[in-house]
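The first chain written gets the first letter, and so on, giving A, B and C; residue counts start at 1 in each chain.
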Amino acid sequence: MVERPFPLNAWYAVAWGHELRKGEILGRTVCDAKIALWRTSAGAAVAVEDACWHRLMPLSHGRLEGDSLVCRYHGLAFDASGRCVRMPSQEKLNPNACVRSYPIAEKHRLVWMWPGDAAAADPALVPDWHWADDPEWEGDGETLALNCDYRLVIDNLMDLTHETFVHATSIGHSAIAVTPAKTTHDERSVTVERWMADIDAPPFWRTQLGRPGNVDRWQIIRFEPPCTIVLDVGVALAGTGALQGDRSQGVNGRVLNTITPATARTCMYFWSLVRNYRLRDQTLTTQLRQANARIFEEDRAVLEVQQQAIDARPGQALRNLNIDAGSLWARRLIDGMLAREREPHQVEQS
Amino acid sequence: MVERPFPLNAWYAVAWGHELRKGEILGRTVCDAKIALWRTSAGAAVAVEDACWHRLMPLSHGRLEGDSLVCRYHGLAFDASGRCVRMPSQEKLNPNACVRSYPIAEKHRLVWMWPGDAAAADPALVPDWHWADDPEWEGDGETLALNCDYRLVIDNLMDLTHETFVHATSIGHSAIAVTPAKTTHDERSVTVERWMADIDAPPFWRTQLGRPGNVDRWQIIRFEPPCTIVLDVGVALAGTGALQGDRSQGVNGRVLNTITPATARTCMYFWSLVRNYRLRDQTLTTQLRQANARIFEEDRAVLEVQQQAIDARPGQALRNLNIDAGSLWARRLIDGMLAREREPHQVEQS
Amino acid sequence: MVERPFPLNAWYAVAWGHELRKGEILGRTVCDAKIALWRTSAGAAVAVEDACWHRLMPLSHGRLEGDSLVCRYHGLAFDASGRCVRMPSQEKLNPNACVRSYPIAEKHRLVWMWPGDAAAADPALVPDWHWADDPEWEGDGETLALNCDYRLVIDNLMDLTHETFVHATSIGHSAIAVTPAKTTHDERSVTVERWMADIDAPPFWRTQLGRPGNVDRWQIIRFEPPCTIVLDVGVALAGTGALQGDRSQGVNGRVLNTITPATARTCMYFWSLVRNYRLRDQTLTTQLRQANARIFEEDRAVLEVQQQAIDARPGQALRNLNIDAGSLWARRLIDGMLAREREPHQVEQS
């Protein structure tokens, strides 16, 4: 039995807004809970447990009637709050007949769900992905279903030296592995910052910059527990002031990532690559989304094989190098959330 | 570990008579037992444990020599009683060398097997499927392998309100879900009876009746434990006396069902749809068999998904509505059989 | 939990020499250990544990740099002894950073690995497969991955009566099953010898002999624990002295077999069929290899089904006939090795 590796009291992305189409029902798994999602006639996203109160038939196999979800097997109907509002062949409804509903917040193009204590589900706590619908930024992303612990994806993103080896032909660069990064953290975030001065640009960034000459390159990784990471990445012509704060002679992107545990060994990875240059250029947006999707497939190949190797060696510890300072702190913040959930009555020091 | 959900002292259908062809060996699983079936030269069906006494090689991979089954690996031969009658390279046979044989009864077009105490295997106890070879009735059926507990199929058949939702385009009708059914039971059967007076006929029955006008429709479900259900179903022109017993202005069918547990989570479902009108019409027989097969595929889609949902929620109870009175009593009769098998020495009160 | 059925202190074939190509990395599983194999620039075969010291990424997914294996994920490099010789972003290496390396011996066209105590890995103990590269003999073989306990393959080879039933159309002959075999054994081998005088030749041997007339046929099986079996097989014209030691009027082959446990339920089966007639005839070599491969596919069909049957009946013993004397003694020698590994401090009586 694997110990639950994810906190429940957190907002988790469960779908892109566009994935949840009106009139359709979406079945997803979030933190070991199977969920049926749909939109009311007013457009509000709702989520309920994906098992009929009666005989456990998954409600995601049912159909919508107005704002209600109707079970495909015996026609029990449930409203957006999860209350049963119709039973077959009987007038009087059991007043306890309901399925659990979950708090939902739709923000930054994503539908977020709170699998834990509903009373604590404060929409202000939705992770910061504001670049996804900020008019100053433009880009797009995808959803990846990965067969690995969501924390392996976090490890991957918190240490970008792997780009040198895993993504050698696109964004990798030997400079990444030899340039030390600076890791800082507080109670609610971890930041890893690496500046590479006056280097040759890797193919991806050379194309984005569209100019010859060496560059200054930056990677600023910010982790927000339990599973959101925003990468501030870019290059500028070497010596034009990027290291001092002037990025005007460069190109700048954000890679937005949030990784939702489905089970202890699977996850849904939502990502978007956005930029603040060449806005309104849909061809570039599509090219960047496709290029990034190819890069993330290289990560998938590593992460899923790593998970299998971990599963084949129960109890064997992962070891840490200097490069793992970021992931080490990220896991500590996650472990802190888990510890607080295990001891709910302890007064939290803040 | 799942507790065994099926009694062993009962006749279970293991094959259609025509599925067990002379000269061939059939491997099947019945109540967790792997079985090799064949016919002797006289045509008698026989069943033995599907594992050679010597090194457990499945005998169903072997070949027939006269009335004996010869193991494919080392050539040990077993007669119809399961006794080893030949060993390689030795004249003297171990007198204990045998595989278990099982009582068989061939009746109503099916081959039935008794997996429990052979001394109790009374052929008079074979379930009543007599319509299958009654010259007054005609029809045909099929075998479905389902990935679900056999009791979910019984639940399905004992409550036909599901036709409204699962089979909306063929035999479903909103009248089924709103018309109460009457459930009766005794020690050896459960009956659920529903009469719908003066309703519009659903497509399937409209075609069978071949006449316009509202109908009276009936569904009389009879369960014989542990796993046989006969549906007496039909429609007659409304008001022509069907409710009072005169079905002459209608069409009448029997859906014969018997569901054999293979394991706790899989079963073989044998069914036949027979009618007492338009006999000798093979085209109609084929059409009805195909139409019913399509309907049962709709059930399969529900039942297998329901089983997965149950497995994902160990310990979570199924809940009952008014419509579940029939399945509730069916499960009580099954549970009674199981309880008697667990306490074999107790004197049964009858 | 299955008890480990293979000794660790033994040489196991892990690849054909030609399978381990310079510049490539081979991932294999031997005795439950996942292994990465490669060749140094000098051509020496080396084997290390297939999991990076850092985060367990399988090293067989990495790449070679000179004599070092470089992890695909973060670029840690390991030398042929398993010592880590490079880490990303840090000058100072953890002196404990290493992966386990295994003793290797390359002999008789195979690469052999010792999964147990390295101090005991004496190259003189490599099993005798010398016919594989003896200039007086010629032939070729293949590698089969089988889903069964390696001991089932040994049982199969130690009792060739199965040829009568499993290989009826090629090398089988009813004489095998009726002719008794003589089994002898000592501390380090088991021999089963069967001579069939003046019989009709089966199709395979008739073709090899290329002459009409009855034959004397021999099968001399020699087992060397834990998993190597050499078959001395052939036919000679009947009555020309083969039984007395003169095989000059016949054809003679060796079937070389060594079966490496991958897990308790899977194995790699290396075999080669060599002959001492018509040397330098590559067409015949290819024909014989292909013919033998077809025969071994017939064995695979039996062995994998037998394994499934065994797994379905935990705790049920396999029974022995007279024909099983050879496999019985082979298993006793294996059990002796296992017992000695469980009690390492006991002084061995020899």
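Rule of thumb we're sticking to: contacts are C-beta pairs under 8 Å (C-beta built on N, C-alpha and C of every residue); 3 or more make two chains touch, one makes a residue touch a chain.
Since this is a predicted model, take the numbers as computed values, not measurements.
Turning subunit A onto subunit B with a C-alpha fit: angle in degrees, nearest 5?
120
Please tell me whether the contact surfaces of subunit B and subunit C are same or different in residue numbering, using the over-half criterion.
Comparing the two copies, subunit B and subunit C contact each other through largely different residue numbers, since under half are shared.
I'd like to verify one number: the distance from the centre of subunit B to the centre of subunit C, where each centre is the average of its C-alpha atoms, in whole angstrom.
Taking the mean C-alpha position of each chain, the two centres sit 49 Å apart.
In subunit A, what residues contact two or more other chains?
Residues of subunit A touching two or more partner chains: there are none.
Considering only the defined contacts, which subunit C positions touch subunit B in the complex?
Subunit C residues touching subunit B: 155, 159, 161-162, 164-166, 177-181, 302, 305-306, 309-310, 312-313, 316, 318-319, 321-323.
Under the touch definition given earlier, write down the residues of subunit B that touch subunit C in their complex.
Those residues of subunit B that touch subunit C are 34, 50-51, 53-58, 61, 70-75, 87-90, 94, 97.
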